[in-house]
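Both complexes below contain subunit A, partnered by subunit B and then by subunit C.
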Partner chain A sequence: MSSLESTETKRFGISITPENKPIVIASGFVLVILAIGTGYTLATQGTATLLSPTYLLQQLQVGSFLGIVAAGMMLVILLGHIDLSVPWTVAASAMMATAVGGPAAIPVGLTVGLTVGLVNGFGVAYLRIPSMIFTLGVNAVMRGLMVAHTGGFAPQTAATDLMQWLAVGKVLGIPVAILVWAAVSVGMTVLLSRSAVGKSIYMIGNREAAAYLAGIPTRRVIVAAFALCGMASGLAGTLLAGYSTKAYQGMGDAYLLPAIAAVVIGGTHILGGRGRYLGTVVGVILVVLLNSVLSIMQLPEAGRQVIYGCVIILMLLVYGRGQKVTQ
Partner chain B sequence: MRNENEQIASKPGKPTSHQLPHVVLTGISKRYGGVTALDTVDFACSRGSIHAVLGENGAGKSTLIKIMSGVVQPDAGQMSIAGQPVVFPNPASANAAGVICIFQELSLMPDLTVADNISIADPPRRFGLIDSRAQRRRAEEVLASIGCEDVNPLSRIRDLPLSRRQMVEIGKALTKNPSVLILDEATSALTAADVEKVFDILHRLRDQGLSILTISHRMHEIEAIADMCSVFRNGRHIETFVEGTRTNTEIVQMMIGREITAHFPPKHERPPDDPSAAPVLETRGLNWEGRLTDINLTVRRGEIVGLGGLDGQGQKELLLGLAGVLKSVSGEILINGKKTSVSSPEAAKAEGAEIALIPEDRKTEGLMLGMSIADNLTAASLGRYSRFQILDSAAVTEAVRSGIERMRIKVGSPEDPVSTLSGGNQQKVVIAKWLLTEPKIILLNDPTRGIDVGTKQEIYRLLRELADNGASILFYSTDYEELIGCCDRVDVMYDGRIVRELVGDEINEHEIIASALNIEGGEVPDFLAGSDGQGGAV
Partner chain C sequence: MKTRSAMTDLKIRASQNVGLLTAIAIFAVFYIFYNLNHPRGFSTAVLIQNSNEVYALAMVAMAQTLPVLLGGLDLSVGAVMTLVNTLASHVLNGTPFEMFLGFLACVAAGAACGFVNGCVVVYGRLQPIIATLATGAVYIGFALFLRPSPGGDVDGDLSWAMTNDLFEIAATYGFAENGEAAWFKTIAWIPTPLVLLILTAVLIWMPFRRSVTGRTVYAIGSGEGAAYMSGLNIDRAKIAAFTLGGLFAGLGGLYLALQTSSGNADIPQAGAYTLNSIAAVVVGGTSLLGGVGTAVGSIIGALVLRTISFNFRIFEIDPLLQPLIEGFVLLAAVSLGALRVLKVKNTLELFR
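Let's look at the complex of A and B:
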């Protein structure tokens, strides 16, 4: 029966498997957001600003920081874990990168992220502390360390030129940040669909006991995923510092929940084991566009938050219902 | 306590047949998928009697008591208590009717206190809130009534030893005022002294007119306590008789029956101690946390060694220990004569050990149900297809193809979720997954449980073929027919030890069952003499 279905869908060129369904829905919703926003601008200003390449590229550029964080977050969520240390990993990487400065800035930023990720992975895989608690604790520790480092004031150091170029520079009219995100995305795709580690991540998220009994080095894979997630946060922090030319307290706060939302909207199961990277990309675009359109429509902040939250819940309801029916 | 007018109280006493049966089941049937667990069973038990239910694993005993206690519903048949027809849609309604079951798996909450647990279903209330003082008093009373004054009602279950927990469980059942008390291997975790105590309690309860149903695999306990015995086999009620009127040999015969349903590939005649076949796997004095005691076994090249015995005598632990899953196993494991430490399943499949473990529960341990057939097939052997961590997709496709072909797995597309396959085909995926690692030693934990006859035969053929090609196979099965048909030798386990090794013609139903019950094979007259310490009596 299932073989019949797959040949059926192949004939039409699109296969809407349970795996792909959230991606299709989310993509559709991205178009709906664009349409509503365009309708609004046409009605009020008579222009279709939202469809201009400038606007779209600008949104993608803003989205790349979130996209990089979400890529790392996705690895951890696929395992059935979560990384709540993202906000201060981002901030710490940015602060340390700007503090060191010079050619070492970017490596230092990445190393800070990697270190935090390794600590997280060690705590979760070897100490067996639930990731929700452990990473929350690590986040608090990082904040404390950074307050101690800066004395509680905004650091006076500035981002290096290379950091700024990576964040706001352009190559052939395309923001470099987007290219960085694209490179991360290529890496993620290869990792998740072409590598043994990627397969192992899905297996652990599906059923850790079965993966362990199959001889998968489950602990090392968990550490690796957290390390990559930390590094992604470090990269995002370094870029963000370049974007705003400096590091500041709380600069990562706006990335934790949207990153989780983007991953889940993209169809990754919050309990792990299922999800495609393409979905996360679509999820990031959706979150960024939704925010942007809501602010273009000049809704008050309160209304924006309510709509933003409702959209996320609504999308998950749609996915959840679909899955129950297919099982 | 025993009045003359209650002849039921004296044991072995008169048969209670002239008494009206209290619980009556007529024509009860229950199927799980394709498996018939109970086949139009008629069964009755009376007040004031202790009724033992005997049978092999899978004979339908557990299903019987689950139906009686409302855990599962029968597909057909009626049940009546004291002449009134009853239907139990859930355990609560069975409890309300006075049927209380003490299950094999303890049902206590480890982090609550003894008093909390005893009153968990219906705590005493005061102003709508739980009256903890009354709750403690109730717990004290019931614990005193079963001779467990030493248990503090305020201690947490977690802090009690297993035998005390079991006593609390019994106490909890008694607070519900049962008229029918069912014990599913309730003595399995008890020490000899506690068993005595429980028997005293049960005798007292019987004399108070309760109807007590007990499942136990310990023959000497049944002799000590039961008034009536019923034997089940393959979901059918074979016979009910007054305890003491049948010999153990007859009982074992009833449990075995005479039904040969499977065909097995021929075994090879080989001298029992062929010196040319050095042991591939050898253990010396393996111990683990009291669940495995002094395990010495050898598996030679090309040999299938069976692990027999009743469920839960340490066979699973032994296999897990050999596959590196258990921590702190003491003793030596020798592979090809070399002392090898297998610290994890990852190490077990590495070169030098090359052990594969086909786990017991394919849904939780063998498969990633949410993933595709292809992903599951390659799960254990991923390292073989990757270079610098990147998978060679041609090699993966080829491995998947060969796995499917080798095991003749019926699949639509390898990309379909493995959960769409039938049980037998799922099990083939699990086995194929391990064959792709080309193991030298294969450990199987009851690989044919719950799968169809056709697939079973394929698995038997495959095992023999693998052995002929040089693999060493250790095969645990709860189905003694498989052990007889497949194995060159059978080690029977009881209470964490290998109590008997059967070779050649000794591998027959009678010897396997007798060893599994840890009674002497052959005529079995008088084993009761040394029945105090169970286990290791050989």
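Let's look at the complex of A and C:
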């Protein structure tokens, strides 16, 4: 079925296939959010701040951290699993990277993420413990390690210059963080649509037993996907430390649920096997813009939470509905 | 002959509930160990304090059990608890009749949140995990409307009576000769939260489990298609399960308000309760795949999680190491499920 759809996509270019529908609708919704926000600023301040390149680039820069986390999360969700260890993987990478400092900072941050990902993958693929609960346990352990390491306070160590440059620097007027996100995105696109591992991930997400019988080393693919997800969290943590020039407790907490929301809004099925990477990018942009416009409108936190939740449900009701069980 | 078949019956039942029995054993060992080492171990005061700390988590864990039995997950239990907590901090005061109305409002609010979750899942045909992720944000938003900053006013007598032993209820509200009656003496030491916990399990959970709707929940978790083909009312059972889950979470929030005499729309706390509820459900022997487990098991799971922290206080473990030990215990507890891998004879059996 998946091959049928892909040939159809090739033949008609960007025609609206079931796989593209969420992306088209989510993109349309991004425009709606921009229009509403612009209408608001025109009415109150008389300027179209939201349409200025500075504002849009700034939003993309903020969104790139979420985008990198969501890219890793998408790999795991495509498998039909989930990674709840993101919050403290992000924080641990940031803390370790700043603690080590010097030229080794970024490799250390990535290694922390990779290690957590490998542990997650081992528990899920070989020990066959549901990812939901195993990654939850790993998250608790990482939190414990970091509390023991830092004494429960924000570490005093600062991010290296390279980390800060990657997070806030600019090349030809474009924030470097966006370029990092773009590089990750290119990697993800190649991985998912051009590589054998990518195809295996979709197959495992549809039915692991069938993938196994077809000769795919499913357990190794699962470990690889979790490892990449961990590395993505590690990279996001390292960049985030650069962005705020230091690491602090709970810095990753704000990235878990929005990342899952972005992936799902982008049309990836939460039970795995279906979804395109472009959708995740659109989902991230939607989540970031929605938050930004709501804060421009100076809504209290309460109203933002309610609208945020309602928008996710609304988006999913439009295209995320499952099949009714009839047999 | 008859005794032998009874023995085999017992054996089968035990083998079906290995997870739950392990949890009970772990709890018993940890709790006895705790009391043996506590300077005032096995005393009413310690028991009251412990039951107070357990009740809210136990309720949230029971709430989480129902969606998990369906094969889903509810990420909004902590949010529902928080919402009802903030509501209770507004309405649990005034005359006894007003307080009773307030109590009803809190219970209804919890059930309504669960009902909305159920409707979104059933009629919206969304996956529970992602639907409740969104509704959870909405409920937290409402909680923030009700309590932008922590505070509130909960009737002091009610709060005192509900978070102590039965004697204090009698003394506060003046029955059984202010708790001094001879017949009352034998039960006066029992902590109220413990009684409430048992009442919730016996009066709400047990009848639900035995009802057709309750058994349908189990059937859906085992195989939704088969349940549908058997003519069971799937939609009704799902909505009922989520509504009951919301009710349990609401009771947890209500109790939290009595315990702290205030309401607090604490987002990190809501998240922590949601995640701990999943852990408690799994430790209590309920399968995340659905169809296997009980809410009573989840109570035991909550007891296990809390008892571990009780022990920290006794042994004066460096507070900085406590989260690490808690994390490792949690990871080890859920990793017990990995023993299944060793028993698998055919690799295909792994991919369920």
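Rule of thumb we're sticking to: the second predicted complex is superposed on the first by the 305 of 327 C-alpha atoms of A that agree within 3 Å, B and C clash if a C-alpha of one lies under 4 Å from a C-alpha of the other, contacts with A are read in each partner's own complex, and residues count from 1 in each chain.
Quick note on the criterion: a residue touches a chain if its C-beta (ideal position, glycine included) is under 8 Å from a C-beta of that chain, and two chains touch if they have at least 3 such contacts.
In this text the structure is predicted, and so the values were computed from the model without any measurement.
For the composite obtained by overlaying on subunit A, subunit B and subunit C cannot both be accommodated without a clash.
Of the two partner chains, subunit B and subunit C are each touched by A:212. Looking at the shared chain after the overlay, A:202 reaches subunit B, while subunit C stays out of its contact range.
Touch criterion met: A:140 reaches subunit C, while subunit B stays clear of it.
Among subunit B and subunit C, the chain that touches a larger number of residues in subunit A is C.
Contacts of A:152 after superposition on the shared chain: subunit C is touched, whereas subunit B is not.
Using the contact criterion defined above for the overlaid structures, shared-chain residue A:171 touches neither subunit B nor subunit C, since it reaches no partner.
When the shared chain is aligned, subunit B comes close enough to touch A:194, but subunit C does not. With the complexes overlaid on chain A C-alpha atoms, the stretch of subunit C that clashes with subunit B is 3-11, out of 3-11, 147-155, 183-191 or 273-281. Put simply, subunit A uses residues 207, 209, 212-213 to touch subunit B in one complex and subunit C in the other. On the side of subunit A, the complex with subunit C involves touching residues 82, 84, 123, 126-130, 132-134, 136-145, 147-148, 151-152, 207-209, 212-213, 218, 250, 253, 257, 260-261, 264, 270-271, 300-310, 312-313, 316-317, 320-327. If you check the complex, the residues on subunit A that touch subunit B are 1-4, 6, 190, 194-197, 199-200, 202-203, 206-207, 209-217, 273-274. Interface of subunit B with subunit A (complex): residues 323, 325, 344-346, 348-349, 357, 359, 364-371, 375, 378-380, 382-383, 385-386, 389-391, 393, 412-413, 415-417, 420, 433, 437. Within the complex formed with subunit A, the residues of subunit C that make contact are 73, 75, 120, 124-127, 129-131, 133-145, 148, 224-225, 228-229, 234, 268, 271, 275, 278-279, 282, 288-289, 319-328, 330-331, 334-335, 337-338, 340-341, 347-348, 350-351.
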